[in-house]
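Some structures are shown below for you to check.
Next, two complexes with chain A in common: one pairs it with chain B, the other with chain C.
Showing the complex of A and B:
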C-alpha cells in the first residue's frame, strides 16, 4: 500500500490553505508532517483521508485514483489530538465499533479486540467507559480503534499533544512498535522537531501551506533545502545572521571570520545568511573549529542539566544551548563558542549552499 | 499542621442565612403553621393536627387536579423535548443564520407569561381569533371555551409555543460543544446520521437535556398564569391544574388550612418527581 499526492491543493474562499503539493509515501512507511500550527498539516491529512476534498490534484492509493472515493470506502483510520471515543460505549465496544460496521463475525471481533487491547495495555479496563479513564488511556482507546481494523492508511494528528509529559514519552516509545509489522502507510503530524527525529522515518517539513522538503528525517534535519525547512526543523529556533563572503573567507563581524572550502568558496563574493542550531552555540569550547562570539545575555533558562541562554549578538537574537548549569545575569556580556563545522549557509533566495 | 479554629466565618454566612430566612424559611414555616391549625378568620387559631393533610389526600378534587397536572406535564415534556432536539439539530452550526435563529428562538421566552396567556386567548377565539377562525373555516368545530378537548389542545399548543425554545437553546448549546473530530471519526467508521445522533450527539447532549427536562418539569408543574388567563381552569374544571385549584382554595374559599396542607403536598410531589427524573437520567454517570 502506498499513497501518492499529485498536485494536490486546497483553496477556501479565495484563500490558499495548501499550495500544489506532490508527495509519495511508500508502503509500510512512517511519515511525519512537521510544522507549526497553521502550516496545513491537518488540512493535508483530511484530504489524504477523504474527509475534505482537494480543490485540485489527485490522490492515489497503490496507484489507484481515489480522489473521488468517500472516506468510508478508503479504509483509513485517524487519531486526533482530542481524545475521540464514543462516550456511552465501553472500551471494548469502542474498539470493536469499526469492526461492527464492517460486518465482521463476533468471534473474530473478540479475538482482534483482545489482541489490540493487550498490545495497548487496555485489557483490564475493557468493561469501563472512556470518561472513567485517564487521558492517556482514552487516547490509547482511540489508537486501538484506529489500529484494530487494519487500515491501509493510518493518520495520527498530533496524537500526543494533549497528554502530560510522562505519558507522551511512554506512548512515543510504544508507537513505532505498535505500527511495525503493519503493511500500512502511517502519517503522523507534529509540531515538535524532536518527535520527528525520534521516529525513524520520513519527514515532510511544512510551512504556510507548502511542503518545503520531504525525505528521510535525519537528512531533512541535517541538510535542509532552505532556510524555511531549517527553521521548521529547529527547536530552539535556528540562529541566523548575515555574513560577508570574500574569497574563501567568511566574515561575521570585524574580527570574527573563518575560512571555508568547497562550493561556497567558489561562489561569488557578497552577503550570505549563516545559520547554526542552538546546541552548536555553547558556553564551553567544543567541536573542531569553535569560533568565539560575544553577546549580551537577555534570559537564561535552566532546565535540569541544561542551560538555554538567549543573547544579543550584532543585532541578532541568538540562543545558546549548553550542558550544565550556567546562571548568567541579565545584561551581562558572555562568550559563546560557535561550532562552525555544523553551520549552514543560505544564498539570497534562502536556498542552502552545500559546503 | 495546626488548624486555627475560630467562629468568624459565621459572620460571612450570616447575610445569606438572613436572606434565605426571609424569602424561603419564614414563608415556608408560615405555611407549615397554617397547615396544622384551624382558623375562623378572627386571627384565633386552633390546633388541627394532620386533619388537613388527610382531607387533601383523600379528596377527589385533589386527585383530579393532580391527574390533570400530571397529564399536562407529561404531554408537554413528550412533545417539547423531542421537538426541541429536532429543531436544534436542524439549526445551522455556523454562519450568518446562527444569530438570526437564536434570536428568533429566544423571542417567545421574552414575553411575559400573562401576555402569552392573553395573546393565545384572543388568537384562539373561535369568532374573532386568527387560529380559531382558521380551524373553524376548515370545517372543524373548534371552541376552546366550551369544549374540553379544544381547551386542552390550545393549552398544550400554547405551552409548546412558549417553552420549546428553551429546550432548543439548551440542546443547541450541547450540540455546538461537540468537536468536529467526533463527526469525522464517525464518518471514518462509516456511521450513518442515525448512528451519529444515537452514539455521539445524544450522549454528548445528555447533561443539558437532563437540565432541560428538570426545568421544564418543574416549570410546567408550577404553571399558573398562562392557563389561568387562557381558560381560567375551564370549561368546568377540565383545565384546573394544581396551582389554579390551590389558589381557588386559598383565596376563593379562604380555606387557609387545607390550602397550606395542599401546598406542602404539592411541594413534596415536585421534589420527589424531580429527584426521580434526575436519578434516572444520571444513572449511568454514577457507575
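Showing the complex of A and C:
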C-alpha cells in the first residue's frame, strides 16, 4: 500500500499554505514530516487523510485516485497532539468505536479491543472514562483507537509533544514495535530533529509550506540539499558563516583558513556559505582536522553531561556542543575547535555543494 | 473581625429571602388577615388559597398553558439553535461575524415592539390564542440567546474531535448525535434553562397573543380583582407556585449556570 501526492497544493484566501508538493510514501514505511510549527505538516496530513481538500493536485493510494473520496471511506486513522477521545464513551467504547461504525461483530470487537488494550497497557481501565485518566493514558487510548482497525494510512500528528519526558521516551520506544508487522503507510509529524533520527525511516524536511527534501532520514541529515533543509534538521541550530574560496584554500577570516581538495577545489573562486552542526564545534580538540576559532562566550547551558556554549565569532552567533562540564564566564574569550571534515558548503543560492 | 465574618452574609441572605418569605407566608393567610393586621407568620394558617388554585380550572389551566408553550418554545429554540451554533463555531463563511452579532441585536428591542405585528399576523393566519403562537413569538428572543450560548460551548470542543470521528468512519449526522451532543450536554442544559426562564417570566407577548384557550398563569394573576375585592392570599399562592418550576430547572444546571451567563465562554 503506497501513498502518492502529485502536485498537491493548498491556498486559503489568497495565502499559500502548501506549495505544489510531490511525495511518494512506500508501502509499510515509516515517514516523518519534520519542520517547525507552521511549516504545513498538519495541513499536509489533513489533505492526506481527506479531512481537507487540496486546492490543486491529486492523491493516489495504491495507484488509485482518492482525491475526491471522503475521509470515512479512505481507511485512515489519526492521532493528534492534543489527547482527543470521545468524552462520553468509556475507554473500551472509545477503542471499539471505529469497529462499531464498520459493523464488526461483537465477539470480534471484544477480541481486538482486548488485544490492543493489552499491548498499550490499558486493560485495567477499560471501564473508565478518558477524563479520569492521566495524559499519557489518554494518548494511549487515542493510539489504541487508531491501531485497532487495520488502517492503510496511519497519521500521527506530533503525538508525543504534549507528554512529559518519561512517557515520551517510553512511547517513542513502543511506537515502532506497535507499527511493525503492519502493512500500512505511517506518517509521523514532529518538530524535533532527534525524533526523526530515532525512528528509522524516511524524512521529509518541511519549511514554510514546502517539502525541501525527502529521503532516508540519515541521508537527509548528513547530506541536506540546501541550507533550509540543513536548518530544519539541526538542533541546536546549525552554525553558518561566510567564507572566501581562493584556489584550494577556504578562508574564514584572516588567519583562519584550510585547504580543500577534489570537487570543492575545482569550484570557481568567490564567497560561499560554510555550515557546521554544533556538535562538530567542540571545546576539546577532536576529529581529524580541527581548526581553531576564538569566540566571545554569551551563554553556557550545562546539562548533566554536556555543555552548550553560545559564542560570537566574526559577527556570527555560533553554538558549540561538547561532552563534559565546562563553565565559562559570560564575555570571556574561549577557543573552539571546528571539525571541518563535517562541514557543509553552500553556494549563493544556498544549495549544497556536493563534496 | 474573624468572629463576625458570618454577620454580613447572613444579613445579605436574610435581605434577599425576605420578599420570598413574605410571599410564601402571605399565601398561607386569608385575605382578611393580610389586610387587617401586620403579622410575621400566619396566625390563622390556611391551605384554602392553594386548594382554590388546584381545583379551579381557570387557575390551574394557567399553569398548564404556560408549561405547554414554554416547553414547545424551549424544544423549538434549542433544536433550531443547535445546527446554527455548530455552523458558527466550525465554519468560516462570508459575513459570519456580522450575522452572529446581528442575531443578538434581536434581543435588544423590547418585546412590546413586536406585540402588535405578532398580534396582527397570528390573527390573520389563525394562530391567535394557541400555545404555538406564544411559543413561536418567544423563539424570536430565545433562538439568538441559545445560539450564543451553544456556540460558546461548542467552540470549547476541539475541532479535532470532529475529525477523529470522521476518520473513525462516522458520518456527520451519526457523529453529531452520538458524540457531539453528549459532549456538549451541559451547554444544551444551560441553553434550555435560559429559554425556559425567559419564556416562563415573559408576560407581554403571552398576554397579547392569547385570550382564553392558551392564557398563561401570569395573565391569570393580573385578573384577580373579583367582586369581593383583591384576593391577595390567592395571588400570593399563585406567585409562590410560579417560583417552583424555575427552582426545579435551575437545580439541574446549577454547576454550569455561570458559564451560561458568560454565554458559554470560559
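Definition applied: the second predicted complex is superposed on the first by the 355 of 355 C-alpha atoms of A that agree within 3 Å, B and C clash if a C-alpha of one lies under 4 Å from a C-alpha of the other, contacts with A are read in each partner's own complex, and residues count from 1 in each chain.
As a convention for this text, a contact is a pair of C-beta atoms (placed from the backbone, for glycine too) under 8 Å apart; a residue touches a chain by one contact, two chains touch by 3 or more.
Since the model is a prediction, treat every value here as computed from it, not as a measurement.
Under the superposition described at the top, does placing chain B and chain C together on chain A give a clash or a fit?
In the superposition, chain B runs into chain C.
Is A:97 in contact with chain B, with chain C, with both, or with neither (first, second, both, neither)?
In the superposition, A:97 touches chain B and chain C alike.
Counting only touches as set out at the top, which of chain B and chain C does A:51 meet: first, second, both, neither?
In the superposed model, A:51 contacts both chain B and chain C.
Determine, under the contact definition given at the top, whether A:71 touches first (chain B), second (chain C), both, or neither.
Both partners.
Touching A:175 in the superposition: chain B (first), chain C (second), both, neither?
Touch partners of A:175: none, neither chain B nor chain C.
Give one of first, second, both or neither to describe whether A:82 is in contact with chain B, with chain C, with both, or with none.
A:82 sits against chain B and chain C alike.
Please work out whether A:32 is in contact with chain B alone, chain C alone, both, or neither, and reply first, second, both or neither.
The answer is neither, since A:32 touches no partner chain.
Share the list of chain A residues that count as touching for chain B in one structure and for chain C in the other.
Touching chain B and chain C on chain A: residues 46, 49, 51, 71-72, 76-78, 80, 82, 84, 86-89, 97-98, 101-102, 142, 145.
Where on chain B does chain A make contact in their complex?
It is residues 179, 181-182, 184-185, 187-191, 199-200, 203-204, 284, 287 of chain B that touch chain A.
Chain C touches which residues of chain A in the complex?
46, 49, 51, 70-72, 76-78, 80, 82, 84, 86-89, 97-98, 101-102, 142, 145, 149
Any idea which chain A residues touch chain B in the complex?
46, 49, 51, 71-72, 76-78, 80-82, 84, 86-89, 97-98, 101-102, 129, 142, 145
If we count contacts the way the header does, which residues on chain C are in touch with chain A in the complex?
Against chain A, the touching part of chain C is residues 158, 160-161, 163-171, 174, 179, 182-183, 185.
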